[in-house]
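Written below as structure tokens is the structure these notes are about.
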């Protein structure tokens, strides 16, 4: 009797029309594969001797390369903005497969609405240029198409994603879980289903390689709908709940156990701030953890409004979070800068001498519950 | 024996020096009081007939005024970026006192690190211009001074704030709480202490007026340190934990019970997205909730990177979240635009005919626990 | 026979339609009158103790006020971006009438296409929000309506403006003239016509008060069409030509004769750079001219691309152009920030003790020709 | 006796110090050579199927490639921002050498202060990161070092550049010249000196290949000092003067004689606006010139302030300047985007079937004087 409440999988706005296929005619987003592009290296190398953002981009790529060469260093990737729907999924999967990242801290949307969504076999669609104007959003709504700037999502498919998260949560042990545990359960689900229904999945790949993923605002995504419907379903009975404090505890444990860390930050927001804060949290708990030794951020955010997305890495050093020797901000939209930075580090090959940290093993099977 | 782990209230970086007072010599941030500035009205009125951001700002102020005139409409304020430390606290407190807002969804930093911090009697300091360069962040660190662009915080005071949150959490009922419940407990704490140790406090004022506050990334702030130390203290024993899914459930209940809603959004990020999503969540739970009828956002974020801070309100309508008749984005840094928008709405006086919604009463004493 | 070539005053794209009036239905741009808004002063005063752009805006207003209090100081206003069509004309005219500015360096568009255009009796129109999308620009073109973001201009009226500049140039003495001389001739023309056909005109007011106006890219505006048609008309015969080098010579003479100078810069571009450069030009000619003592810039431009619009005023000091004691950049769109800055300085009243510099008299009647 | 006034080649601020060499220790700017980077092609090709700026960048590269394939099309490059000092000189020289550009419209700084400056044997220097803060600009000034964001110029060398322009202008025929003629004289000067004292020079390469260069704000650069000193030197005697109206006339002649045109715009400002305006000027002169058929712009400028740098290419179509079928804006800092766009077009090889337009021959020897 526990399954009376379910995700309403047909959005009320979906009045099926022939228009829908017309809107989707430009085809699907395809993820860039930098492993096939060794030609990135001379481009980035040349940028070292230029000015402005090119020089910054080179230095960011060089710092990421230094993180990989420093085998003590654990690399934490933070993700904000719609990066997976934008075509950067394979870049991140290739980082995972090649020991170029040890933990991921992300917005829920990137992991659940976008990566897990594609792992269920769905796709993101290229929107026509005119749709960016916003003037057709009413028509898109009638077709149950959601827009991310120049990209479209089929809302009916997204509801299936919402619904699937609920089903997974229904199977979990009742109790308080970190987002890492929920994402692990999603990886297990994919495994049981015979793997993702697409070539690459971050959640699945991390599951297989003991790479923890944290979503410190986990209810703010497709999984949020699963959390709520699961909660309503269970009523007063025991249920799996997301314990956000546990996320912070767990990521701090990583810092305590592996003091040398480097951050590769795509966008800012909660993932950036949350990850920077673990240095302070370790200290609050009485551990003398060093600041993040390396830090790179790619963002278009403006530094002048005091927002977290844009606060400079130098500023973070006043808080005792980020050391200032190896830090670099790159003011560029990520779809251009990230393939260059990661492609550069991939083809210089420093990852080859690097071992997987398998940080998920810190928590299993001894995590606080 | 439960109190063995406490916040380490002396940051390791604090090597007390005479420099510290030198850095703080420019005095403290003072909060603008728009209730004394009726002269805002003719300025904003004149902007209606200009171009560019001035015209947008007028329209945003006019839409906010329409929200207040529409007595069915519940007004939700979302807050991202360091707005309280920037001098906008009294603007928000005046909105609360004058029935101009019914719920707040905020980053944790604004509520805990900044508003609650000031309620404990601490202040934010004006930084010298040269500090913005980042070149003195090492020196600031040695003085245990944290920098937010052009503003300074005394880290030792912030540790007391962290520590106080832990103490409050230790007194709470064990179990799964929404961030609203934690923030309510913080308001109760202030009440027990005889009120805030400063003229105005958002948390305290909301506590007294049954205005719910949600922090959907609640562990990503000073309270996060309290959550972690409380967790470590309790070990395997019962404890108060933050249940982020419950936040989403509760705010959705507001939408279901008060279908007509308007959003005043300062910055973007998780507060913006989370609040927009409650429309969809209501639908997922089988309720036919209308889109947010009014929406205003003030941001400097760039629309072209697909990030949540900047996605236009038109875009949100494709997701079925925000209606497009009364929506307006104002691309301006908030410290300039928000006093003009709120001051305009205050002095037009539409709030006088408006009653408090007292939405906190939806949850007490029948909230799911 | 000299008048065979004339401006083609009916644009080819003008297929008169009833749509045109429909596009213009929202009425005309009206210029903000800050002289009636003493309520600006407490708003800007309060911003002094806030953070971010508000604090910067206060400091900019204070520096402008210092320029006016320093009676040795000559104030040069630089203008880029479409400021007149945006509703800032009266702000500038009020500066002129109240001895708050001594010279103007502007893009041609602000002076000719916009101020002179309105002086001929034409208006700028408010565009509907949807037109900003660009999707209706083809339709606008069919109606001979030109768009500046959210503002419309009737191209047929603009052609009359082009044509009028040619007529004025035909009457000028043949020879090499600075843009100042052309703009003076335009002021004289308005005088002969009985004054501008609108309440306020920058060109006319400057003409009457001996305030020189320079447009260092003078051919890049409506006057450019006049220059070309005049040139073609005259063939090999003598004609009035624009000598851009003379502009630089003349503005440098101002600096040499009045060494203490302050800059109020709205936008950046050529007007900003050109005006900063006169310090170096004075030195190149062997004069020991001091740097600009005061400098304020209002811009949304990004500092990170090395462009002139955005290069900081500190950077200008490395070039020996701008002193760093009293300099302030305000990162804000001008239609919001400029009324606050100028309104503040107007109502503090420092201009009352200030005398007009009447710098045009430096050049008349002894200018090099 | 005509040479009594000369450029004051030792800047007053130059108090020679050992610090100067210290500031210059990071070495010189080196120009990226995209002809050796065929690996750009697969990167840009992959961007076609991504989102956000990557997709825009691909489309911009594709449109530039279409311009080159359309052999009727004349390609006009516009340049604003400090692009040559930033390391993009060789990209442009390679465009010239490979028939990928037919005319250049630029800020004076790019052509004279930067390209001609390097042709005289001088270099641009890489500044240390800390210098970007502006806090060392006083020290830089004492060393006669000028800063462009993260790049340094030796002011004493720049004075020699100023001085050389004067010497060239002294040798020119007295009369009214377009900037194209001045820049041609600078190319001739380099030829007489045995070619540029560096590997590549835009001015020299254009001179040899009959590619006209226009600087529509020619007095706003190093040449401006030459114009002024030449003017002062000649007193009332005949001299070479810059006739800005002639620039507009000449570039319009290009449009009339070669109606199909494409624009590759790096930055905005006067070069962008001036070049777009030739369509209207042709119409004003009674010619039925089509709009620019292709248009690409790379800029970081904000679209919302109505400034020319940022007005969208769609907006230009309302003015009858740019057709909307093949237009694309890329919001990116140019040092990253331009090597990718030009490198892509170079390696696809469309230029190989293209002939030089040699547009300078339109004006020589029959130019109006």
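A, B, C and D label the chains in the order they appear, each numbered from 1.
Just so we're on the same page, a contact is a pair of C-beta atoms (placed from the backbone, for glycine too) under 8 Å apart; a residue touches a chain by one contact, two chains touch by 3 or more.
If you're wondering where the values come from, they're calculated on a predicted model, not measured in any experiment.
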item	value
Rotational angle, Cα trace of chain C fitted to chain D, multiple of 5°	180
Type of chain A:chain B copy interface by residue overlap (half), same or different	same
Pair sharing more residue contacts (C-beta pairs) when B-C is set against B-D	B-C
Chain separated most widely from chain C, comparing mean CA positions	A
Geometric centre distance via CA averages, chain B-chain A, whole Å	25
Computed distance of Cα centres, chain C from chain B, in Å	41
Gap in Å, rounded to a whole number, between the CA centres of chain D and chain B	48
Multi-chain contact residues (two or more partners), chain D	51-53, 82, 85-86, 134-135, 148-151, 302, 304-306, 331, 333-334
Chain A partner contacts - residues on chain D that touch it in the complex	27-33, 36-43, 46-47, 49-55, 57, 82, 85-88, 124, 126, 148-151, 331-337, 339-340, 343
Footprint of chain B on chain A - complex, ascending	5, 7-8, 11-13, 80-82, 85-86, 107, 109, 134-135, 137-138, 140-141, 145-151, 155, 159, 162, 176, 216-220, 224-225, 227-232, 235-236, 241-249, 252, 267, 269-270, 273-274, 277, 280-281, 283-286, 288, 300-309, 311-312, 314-315, 317-320, 324, 333-334, 368
Interface residues, chain C side, partner chain A - complex	51-53, 130, 133-135, 302, 304-306, 331
